[in-house]
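Quick one: this structure, given as structure tokens, is what I'll be asking you about.
So that you can tell them apart, the chains are marked A, B, C, D and E in the order they are listed, and the count of residues begins at 1 in each.
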Amino acid sequence: METFYLVLVLFLLLNLAAGMWRVLLGPTAADRMMAAQLFGTTAVAVLLLLGQVEGRSALHDVAFVFALLSAVTAVAFVRRAWSEQEKKHDSK
Amino acid sequence: MSIAVLYALVGIGLFCLGVYALMIHAHLLRKILALNIMGSGVFMVLLALAGRTEIMPDPVPAAMVITGIVVAVSATAFALALMLKISAVTGRAELNDEEEK
Amino acid sequence: MEALSLLQWLIDGLIGIGLLWLAWRALFCPELFKAIVLFIAFGLLMTLAWVRLKAPDVALAEVAIGAGLTGALLLSSWAKLRDFDANKGMGVREKNRVQSEQKTKRPFFHWLSATPVLLMAVGLGYGVLQLSPYATGLSTAVAENLDASGVSNPVTAVLLNFRAYDTLLEIAVLLLALIGIWSLEIRPSVREATLDPVLDLLARLLTPLLLLVSAYLLWVGAHASGGAFQAGSVLGAAGVLLILAGWRLPLSLAGLPLRITLVVGLSTFIAVAVLMMLDRGQLLAFPPSQASLIIFVLETTATLSIAAILAALFLGSRPDHSEKI
Amino acid sequence: MTLSDYLSVLFLLAGAVFFLAGTVGLLRFPDVYTRLHALTKADNVGLGLIVIGLAMQAESYASVGKLLLIWLLVLLAGSSISHLIAKKALQKGVRMWRR
Amino acid sequence: MGDFLLTMPWAVVLILLPLVGAIVCFLWPKNVNQLGLVTLAGVFLSVVGLGAWLLENGVYHHAVGGWNAPLGIHLYADGLSLVMLGITALVGLFVSVYATAYFDRVQSEQFWPLWLFLLTALNALFLSADMFNLYVTLELLGLSAVALVALAGGKAALNGAMRYLLASLLGSLLFLFGVALLYHTYGSLDLAILSEQIEASPTVWMALGLISAGLLLKTALFPLHFWLPPAHASAFSPISALLSALVVKASFYLLLRLWLELFWPISGSVAGLLGILGVMAILWGSLQALRQTRVKMLVAYSTVAQIGYLFLAFPLAMGAGVTAWNAVMYLAISHALAKAAMFMAAGNLLRFGGHDRIADLDQLAQRLPLTVAAFALAGVSLIGLPPSGGFIGKWLLLEAALMQGRWDLAVVIVLGGVLAAMYLFKVLGYAFTEASTPSKVTAVPVRMEWAALLLASGAILLGFLAPLILPLLAIGTPFDAFSSAQEVMS
């Protein structure tokens, strides 16, 4: 069972790595930020799985705070950092 | 080599990347990022090497790293404010390299 | 067993490479905004690394302070920088900005600095590899004295009892950073006048949740991962969220009441230190029977102050001046 | 392995598939709005499935409760954030994809 | 009374009193000047108390929290810490008096909390015997110093502050990395325990390199001095005085302490390197000072040069041991007094004429006699003319150099004095002549003139106090471990 969890963790991490392409590609600021959000959700899943492997409930708390605070960062992005007109668009 | 040493080497890599970036970048925000990454590298070395034995993780490095993180966020906040002030006064978020007259 | 350890290696290797890659891109990609997003991602991955290194307390601190607050701080500073540019700039500003974001020292200088850095990396790597494979830390010393410390989470015991003096000075550093920022007299930004109903709802829902989580972390810190810093920064994040949602501290509270909240943690720490000094002749020496109560009081006040300081750090300008200008 | 173990493996695998779908969507979809759609929906379902899978293995009701709470929180945050991003993107004139 | 002196825990008071002062000044900014001066007076008395205690009992140990090392943190004081604490309190007191007249209402509300935080950091640093605790005090010190520089607010001051902040943070991180390596080699952060166990190994060498690099950066030894002149020259004058006199000395003290007590088995073999850097700092700093056209910039470069002197002792200590260390500590404290006085005098010139261009110092000798006298007296000590404190320091250093036949170093010591005379007479010369463009003048408060003059006289007076101070320095024999190790080696 433990092996299975770890395989799943590895899979999710690879998934995450693939998602990072979007940060690099952009093209809009929202795309980059969205990928960071993906990071949030996936990392929560990874933390929960690792918590199961190691038998520590402390990791549930970490996951919980993780979910809470990545929301704060995203709000900071929407409210503060993203205020100019977008000129870059997806190429057709 | 153990996993602890692997992470310690990653920490060294982060530290050195940070030092290099701190030296060559002109933009202050980039320098502040570099300092933060350097800090993470040091913290990683500090904590990774505590995991060399399997028995019981040493809580003292963990406590030191938590203290270090708080100090780092204070310094970062102050540095960012100073950067904003410089940018408001000089119009550029970088250090002037030419001598003041 | 073999497959299991291979998997562990793969996971740790992936995290390690991911960290190095993110750091490299965050430091050397041309666009500053991209760099900040990558840095936030770096912080999140760092949390996973702390978990893998069996340090959930550090992971909590990293996620609360490192990822949450530093990310918001960086984004908001970047936005303010761009506003300065926009205010003074004409048509060419976009191009200028991109240039200044990428500007580095002369190529000759790159080589000049790369060489010692590489040497240092090699030296440090060698030094670490030479360390004996057996840690000689203080885990036994901590474990032996844990009963007298008043808490059962060893990290909290170190932070608030064995090395409480460090923690006292560290809260002083936080307060100092805020006083330093206030003395810069940065003009408050007059933006975000619009109110968003969804954001408002989110703030209304998340704020009580953040309060609850903060209280939980404070309470749980005595016997499991958590503690004043984690709780304080989660509470501080609630403050940041409220600031972002357009809420401001009423002026009547922004003067002395706010200042008292900012210093109450440090003051209580000092008061306890002096009391213990008078009582037992030793700075911050808690009697084991009352240690858990004392630590609880210290942590609660510290949480309040840390939260207030972090939120104020995010705001940047002094709240009691902001309405006047 | 018991029946609940098999079930939980099934849920976890399904969750992983949804995560994969989310990432593929993030990489392949043509504009911000569709990508948002892929990311938030698929990943949140994926997380939900993983939470269910793990909840079956949990030792106490308290930890089941915590797991569900985490999922609810991610749902709440994810949906509001994606709404905010989409709205802001419209305001800022990010073009929508047309076939 | 004597009993009271010996029972009070002075070291603890020294750390907590300024911290409480800072908080009170932050909360109730109405009477900051009075509050601050009372705090400074209290700190000064505590140093006296600690001195009395040390004279009676030898070294001071305090296990914070009742936890002994390696688990807990130790406070430690010996003659070396005492002298540093004493000079800090003395200079701090005079600068504070000066500051009450220098700053206006708003500025003093900002100045006092930051300065008291700085004082806390200095005292805590001089009293700490724990590597990680030292890191925290270094950060506290760096941040408060930078915030003080930034108070001046102009373009130059903000740029100087930023440069200083970056250098300071980089230095702290290098230091912390070294601490991490030491902790993982020996499993302790306590200086005494580490120094018993330490022996040469690649890891320890790396730790020595990192810690020294970090501290040298903070001490601004050539070629890592780039941040110092802009920061020190652009800050408000009392703040420049504090930085040049005390802050730079604090990291030097730490470097000295660690090389002597911690790294003694290996540091001797690389001490020559620090000596070479010291020589270069003397020459480069003096030549740059000669080129400057503004008083404060000149004084700042003079600090770069004078720091060089402090490092000459490292190669000399190989054979001369205690003489060299006594010399260097004497130089450090007389430089602290003289340089603080000099920056204060420069502040008076700035206040008086509204500028500090050397060529336009319009007959100041007649119009501001006390200030010019202060500048001249401080100069006497910096040059090393008898009977000043600087003279005693240089004399002891010269003696150590000649004892070992290091003629090269002896020549540099003398040459540095000559160069110092040249750049200081440049200023004094213009102070006697009439300027071509007379400028509008503002009156300088009497307190500011006298504070500078008294401090400068202190630097001269030090020349007579050697029999009093050298025994204080010897409490706990801080220099023994290193010297005996060198004797074994040679």
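Operating definition for what follows: a residue touches a chain if its C-beta (ideal position, glycine included) is under 8 Å from a C-beta of that chain, and two chains touch if they have at least 3 such contacts.
Worth saying up front: this structure is predicted, and the values here are computed from it rather than measured.
Novice: State the smallest step count from chain A to chain E, taking one step as a move to a touching chain.
Specialist: The distance in steps between these two chains is 2.
Novice: Name the chain whose C-alpha centroid is most distant from the C-alpha centroid of chain B.
Specialist: Between chain B and the rest, the longest centre separation is with D.
Novice: Give me the two chains with the most inter-chain contact pairs.
Specialist: Highest contact count among chain pairs: B-C.
Novice: From the C-alpha centres, identify the chain that is farthest from chain C.
Specialist: Most distant chain from chain C: E.
Novice: Just curious, how far off is chain C from chain A if you go by their C-alpha centres, in Å?
Specialist: 19
Novice: Using CA atom averages as chain centres, what separation in Å is found between chain A and chain B?
Specialist: Computed from C-alpha means, the inter-chain centre distance equals 22 Å.
Novice: Measuring from the mean C-alpha position of chain D to the mean C-alpha position of chain E, what distance in angstrom results?
Specialist: 58
Novice: Roughly how far is chain B from chain C, going centre to centre by Cα mean, in whole Å?
Specialist: The mean C-alpha positions of chain B and chain C differ by 12 Å.
Novice: What are the residue numbers in chain A that touch two or more other chains?
Specialist: Expected reply: 16, 33, 35, 40, 57, 64, 68, 70-71, 75, 78, 84.
Novice: Taking each residue of chain E in turn, which ones touch at least two of the other chains?
Specialist: In chain E, 132, 136, 139, 143, 146-147, 150, 153, 177, 181, 183-184 touch at least two other chains.
Novice: Find every residue in chain C that makes contact with two or more other chains and list them.
Specialist: Touching at least two other chains: 8, 52, 54, 57, 78, 124, 128, 131, 135, 137-138, 142, 163, 166, 170, 173, 176-177, 180, 184, 199, 202, 206, 209.
Novice: Any two chains that touch count here, so list every such pair.
Specialist: Every pair of chains in contact is listed here: A-C, A-D, B-C, B-E, C-D, C-E.
Novice: So in the complex, the part of chain A that touches chain D is made up of which residues?
Specialist: 1, 4-5, 8, 11-12, 15-16, 18-19, 21-22, 28, 30-31, 33-35, 37-38, 40-42, 44-45, 48-49, 52, 57, 60, 63-64, 67-68, 70-71, 74-75, 78, 82, 84-86, 89-90
Novice: Can you list the chain C residues touching chain B in their complex?
Specialist: Checking each residue of chain C against chain B gives 8-9, 12-13, 16, 19-20, 23-24, 26-28, 32, 35-36, 39, 42, 46, 49-50, 52-55, 57-58, 61-62, 65-66, 69-70, 73-74, 77-78, 80-81, 84, 88, 100-101, 103-105, 109-110, 113-114, 117-118, 120-121, 124-125, 128-129, 131, 133-135, 137-140, 142-143, 154-155, 157-159, 163, 166-167, 170, 173-174, 176-178, 180-181, 184, 186-187, 227, 229, 306, 310, 313-314, 316.
Novice: Per the contact definition, I'd like the list of chain C residues that touch chain A in the complex.
Specialist: Chain C reaches chain A through residues 3-4, 7-8, 10-11, 14-15, 18, 22, 25, 29, 33-34, 37-38, 40-41, 44-45, 47-48, 51-52, 54, 56-57, 59-60, 63-64, 67-68, 71-72, 75-76, 78-79, 82-83, 86, 191-192, 199, 202, 206, 209-210, 213, 216-217, 220, 224-226, 230, 234, 237, 240-241, 244-245.
Novice: Where on chain E does chain B make contact in their complex?
Specialist: So the residues of chain E in touch with chain B come to 132, 136, 139, 143, 146-147, 150, 153-156, 158-159, 161-163, 165-166, 169-170, 173, 176-177, 180-181, 183-184, 189, 230, 234.
Novice: Could you please specify the touching residues of chain A with respect to chain C in the complex?
Specialist: Of all residues in chain A, those touching chain C are 2-3, 6-7, 9-10, 13-14, 16-17, 20, 23-24, 26, 29, 32-33, 35-36, 39-40, 43, 46-47, 50, 54, 56-59, 61-62, 64-66, 68-73, 75-81, 83-84.
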